[in-house]
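Each of the two complexes below includes chain A, the first together with chain B, the second together with chain C.
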Partner chain A sequence: MAVTRRQFMKVSAAGLAASSVGALGFTGAGEALAAGVRPFKLERATETRNACPYCAVACGVLIYTMGDRSKNARSEIIHIEGDPDHPVNRGTLCPRGAAALDFVRSPNRLKYPMVRKPGSDKFERISWDVAMDRVAKLVKEDRDKNFIAKNRDGVTVNRWLTTGFFGTSSQSNEAGYLTYKLVRATGLLGLEDQARI
Partner chain B sequence: MTNSWNDIKNTDLVLVMGGNAAEAHPCGFKWVVEAKANNGAKLIVVDPRFTRTAAVADVYAPIRPGTDIAFLSGVMRYLLGNNKIQQEYTKAYTNASYLVKAGYKFEDGLFSGFDEGRKAYVDRSGWDYEFDEQGMAKVDETLQDPRCVINLLKAHVERYTPEMVERICGTPKDKFLKICEMIGTTSTPDRTMTSMYALGWTQHTTGAQNIRSMAMIQLLLGNMGMPGGGVNALRGHSNVQGITDLALLSTSTPGYLVLPTEKETTFADYMKSRAFKPIRPGQTSFWQNYGKFFVSQQKSFFGAAATKDNDWAYDYLPKFDTGYDTLKIVDLMAAGQMTGLFCQGLNLMMAAPDKTKVQAGLSKLKWLVVIDPLETETARFWENHGEYNNVDPKAIQTEVIVLPTTTFAEDEGSATNSSRVIMWHWKAAEGPGEVRSDIEIMSDLFHRLKTAYAKDGGAFPDPILNLTWNYSNPRNPDPAEVLKEINGYAVEDVPDPADPSKLLLRAGQLLPNFGVMRDDGKTASGCWIYTGVYTEAGNMSMRRDASDPTGRGVFSNWGFAWPANRRVLYNRASADPNGKPWSERKKYVWWNGSRWTGPDVPDYAPTVAPDKAVGPFIMNPEGTARLFARTALPDGPFPEHYEPMDAYIANPLHPKVTTNPVVRVFAADAKAFGKPDKFPIVATSYRLTEHFHYWTKNAHTNAVLQPELFVEMGERLAKAKGVKDGDWVEVTSQRGSIKAKACVTKRLRPIMVDGKPCDVLGIPIHYGFVGLTRKAHPMNVLTPPVGDASVQTPEYKAFLVDVKKTTPPAQSPAVA
Partner chain C sequence: MATMQSLDIRRRSASTEAPPQVRQSAIQVAKLIDVSKCIGCKACQAACLEWNDLKAPIGYTDGTYDNPTDLTPTSWTVMRFTEYERGDDLEWLIRKDGCMHCDDPGCLKACPAPGAIVQYTNGIVDFVSENCIGCGYCVKGCPFNVPRISKVDRKAYKCTLCVDRVSVGQAPACAKVCPTQAIYFGSKEDMIVHAEHRIADLKSRGFQKSGLYNPPGVGGTHVMYVLHHADQPSLYAGLPDDPRISPMVGFWKGVMKPLSLAAIAFAGVFGFLHYITKGPNEVSDTDERKADEMAKGKGA
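Here is the complex of A and B:
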């Protein structure tokens, strides 16, 4: 008989209820109790394959979300656990990965673009449009002012040294590649990430 | 990693040195436990602290932080002196028999060609082989010539006697010899050792040479390319391997190509030093294909704007005068020479050494853009947090813009683990509030810049205007399309070189492998080593077939490992020169009479017969691996022990050259280093198993498990300082001081260095003034602003401090 993980959990829950109660002599009560056991909540959840965000073992994780993924509904992540099929972690997670849900749900998540003006003692919420417009303006202003087309020997160098870019080793390869393309196209040389710090 | 997490189960001996896998990489460490339980493997741990990895070791030995080269050179001396090397492997697969130029010398701590004024080896011409008239390196197959690499190596490590190792490292001689003996057992062809290391080896002014030392040991033992062998970097972030491959590094471009220097004024100049002609007869020298990879990359970046006539848009790339690594950027900031800075998921205030300098640097910027899913010290560097960040916001004129991002769970794409396996992950939910993905943010910035440059012009707009961004949804590209671009495709029809009447590739076709790449603009690929990850057969990073038919832990159909889905690098070396496995027990890749075969993809041309004598190290123009590094590293062709910049003792080998002579010290930091008279305790930084860098202090469970900063100190030191467990102490270095609670422990014991006890203090890195944990002084207040001579990785792992008992902070730390 092929038993899925979920069926196995269901059978186990029922078995547990039956055995512990049955041991006390309440014959028949086990079935009644098993029938009353709440359905395993992950049964109603959507399972998504992902990877732990922390170290480079990059353990496979399964993320469980509630919500039917219809366009007008927001899914909520309710549980994260190790992916038992992953050849490296085989379902296990360490104390960091096991708490990954608390990172996703951290009260310190940033939710809106903000600006802290010179000399100010607070952040103010701004719109994405205002934020990105400002960023693009600051970038262009500095690049246009300080771009070095030729060095002292008259050699074409096309570099820009007055702005730096620290990228993240936690983004996807695709995000990293697009970051690289854009940053390099500006001639910026001070591009780094966590790889050597 | 040269091998993989799963491959560790094939080993007979694990050396964990420069890492603490049981706590820092617990789910990878289980493969060590597997090897111990089911392969009879032993575990050696060499660490200043008795870690949880040490707790399950067969042998544990202490070592003073920053002395790994002395230890490893002592191991080499033992192996060479006791004939515990894999003779045939060493002779056939390394440069052991090559003759070194007479100009090479090593005297009093300095290699030949040193310039005292410039603090650099300005003349490295001696660090090379003798060449014959045909440009081939000369060898002495009998290994008798004293100028043979192996003989020079013997002479070089002769000074590292067990007594000298004990004097420098503080490792007791009997323990050291026991470890040498265990390592020596893996020189037989049927046994292998694996090396597992992390930041404990890289974060030193001799970081790259630490790793080289182990590579040399593994070559002497014949453990490279073997199952259960290799040199394995455990690595930090979940995609640090991928982001390294994709070159978010100052002077690199994706796939380990290098940006041009300003001396390479034309494409032809640039390619001159990248011809990589073989320097031994008949060798592959695979980097001869460099031009194909480079031109394909330029086509990928700049499309139709990269033509033969404009040297494939060579001038679109910046030409560097010097490297702009993290330490350099911070130095320029602190000198007021920078205007702006982006911190995309990198908390610079915590991650760079010498927090005071970082703080000063950020304060001098005109603007700072922080792109992050979490609150960080960097975004709030201008905010007053009492003594933990005692600044006046009014005095800081930096404009700070914060852009909130998605997390892993709210994002789709591929990432590469430390085994080089590229694996796709799927999006589970939308993020909170108005968060956007990094892809969307970079695309938005690109379009605004492109529009502005198209409309108003400005400095050299060409690369921005011509940058390819031809995705179905250019405002928020589908990661799958981006991965296709990284993989590469045919720009136009490519005829079959064997039969021009046929097509090898039709226009638009995804490249099946990097072997088909061309330097005539007909192919494009963002990162050649990733080619094969997304072919006409589909997205290989999505593969999830967990079968492993040979039981070797290869998992060929799970994701895609670069390069070419190869799981163990240099695996041709697992067979002898005749193509037979060195031993039945370690059989991995072999010649079956017509081709190379085995459970893995051969790291070799598949049908080149063993009698062609092509070496297994196909990336090197020699075809062999280098015990003598030639000029690959700036601080010597052989590793040498130098003290950390905060030197605990004068170097017993050469007191006049105590520290690495070619370390870069910025003028502003001339007085940044401490001396043992004032700072007599050796400190080292480390990570707790409950925390990841500076993120998990924002996660509830982790903050509960390890709520506050502490420093770990041994009982002897605590007694001497009158400190009891739980007391507050002040730790001071030349850079500054922090307060923390003392954790008095037996895990750290004095190490006998040069006959005298040396106390070691351990400091976890995770705490700051933002988060759910108690507020703390960031520990990088203490660390020195200096890096490895080769790659500028900061020296976080060995510095000098003093410690004294103190009162609790004036502002009692509360949850932020």
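Here is the complex of A and C:
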């Protein structure tokens, strides 16, 4: 096959163009081999120990929040997992505890005191001060009215049966002790909380 | 030095260039799923969604406990419940399904996108989504039918064995959360030893056929099962008895790919050489005139 000068130049130019495209990285030859692994998302998150809010087993959880608690940073919970140092669960959780982040973010979660007044058909938001005053007042009223110091036989019983107290499962031993002391000191018998278990 | 200091890459999809090879002494990691201890609580599923920031759409119940009913682009692990009647006994076989992290990954071999699937030196097989072209070859290449293509972004997704946790020295989210220690995580060596203890225990309880599922057809896996009926893995919601990469993958990538590339290159070179030696096909004035006359003749 006879190659003319013109043909030789054409082939050479095409070869040069092709290799230039390769050198510019279009073929992927220059692509980095390393694939970036997703960075560990808890690297500088604030870790807080707490108890799972669900059942009475009260597994230890680690709550991770973004923000380092500096003045202008607003903390936000980004992840919850089991606490390996907690003797109850040693890092494990049940499906509910494992999904506790959804509980925190749920639009239905109660975030402030609500009251449904007598005759009303809806709950209204009230302040903590109002709620505390109202509860204290009603409790005092009820206790003054229904407290039983002595039974029919004249034996001192100091009991108060018309009110119940519902504590929480996610409290520490110390908080459970305080709950128990407070409630029993008033003579209240209807107590349900972690300290019972 | 690659950017990943602790987890260098052993293999990379559709790449002819070899990754750096000196750092090969990384500990082989493995997850051991003890099917006999699993209570099917799905804490692993919840933890997986939570850690990976996934949100599966609310599904439906199809009359079984499987929820969701299959792996999806947002559900990288799913419990599969099987009711097995052995004589008078009813056995509830609950298998946590998900990526097996094969030592010889079929997905990686089938993948045509450079760097979309990588295998790290510790054995984890991971999808690098930005390189994924959503072709779905990994689904065909997987002997366990695990990867799923998202309808949202047309990319493939599956379990990463929480590579972001493992690379900083933590156990995968599912392994950490499991309340019955049905999921264990550690070096592959340790997991095999642990499995032996479990198998001895199961045998003492009458499960003579119990054993470890670490199929050699895919070079062993980095997610292994302890099965009470290791002689028939297919009992466990269709776990393959002898998984192998489809021979089509080897044929396509090993034989057809170089041949096709050669054919394309030959066609290109031939066309170019033909063009510069013979030039373009030109119509002479005489031909044009004849064609005109013929057209007019027909028209009249």
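Just so it is clear, the second predicted complex is superposed on the first by the 118 of 197 C-alpha atoms of A that agree within 3 Å, B and C clash if a C-alpha of one lies under 4 Å from a C-alpha of the other, contacts with A are read in each partner's own complex, and residues count from 1 in each chain.
We take it that a contact is a pair of C-beta atoms (placed from the backbone, for glycine too) under 8 Å apart; a residue touches a chain by one contact, two chains touch by 3 or more.
Quick caveat, the model's predicted, so the values are computed rather than measured.
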Note to self: Quick check for you: in the superposed arrangement, does A:D68 touch first (chain B), second (chain C), both or neither?
What the structure shows: neither
Notebook entry, point to check: Which of the two, chain B or chain C, is in touch with more residues of chain A?
Noted result: B
Note to self: After the superposition on A, what does A:N50 contact: first (chain B), second (chain C), both or neither?
What the structure shows: first
Next item on the list: State whether A:R134 touches chain B only (first), chain C only (second), both chains, or neither.
Entry: first
Notebook entry, point to check: Where does A:H79 make contact in the superposed view: on chain B (first), on chain C (second), on both, or on neither?
Noted result: second
Check: In the superposed arrangement, which partner chain does A:T92 touch: chain B (first), chain C (second), both, or neither?
Finding: both
Margin query: Please report the chain A residues shared by its interface with chain B and its interface with chain C.
Written below: 80, 82, 89, 92-99, 102
Notebook entry, point to check: For chain A, which residues count as touching chain B in their complex?
Noted result: 46, 48-60, 63, 65, 67, 74-77, 80, 82, 85-90, 92-100, 102-104, 106-121, 123, 128, 131-140, 142-147, 149, 151, 155-182, 184-197
Checklist line | chain A-touching residues of chain C, taken from the complex the two chains share | finding: 2-4, 7, 9, 12, 15, 17, 19-20, 41-47, 49-51, 114-115, 118, 126, 128, 131, 160, 163-165, 167-168, 170, 173, 176-179, 181, 272, 276-277
Item checked: Residue numbers on chain A that touch chain C, as the complex places them -> 1, 7, 10-11, 14, 28-29, 31-41, 79-82, 84, 89, 91-99, 101-102
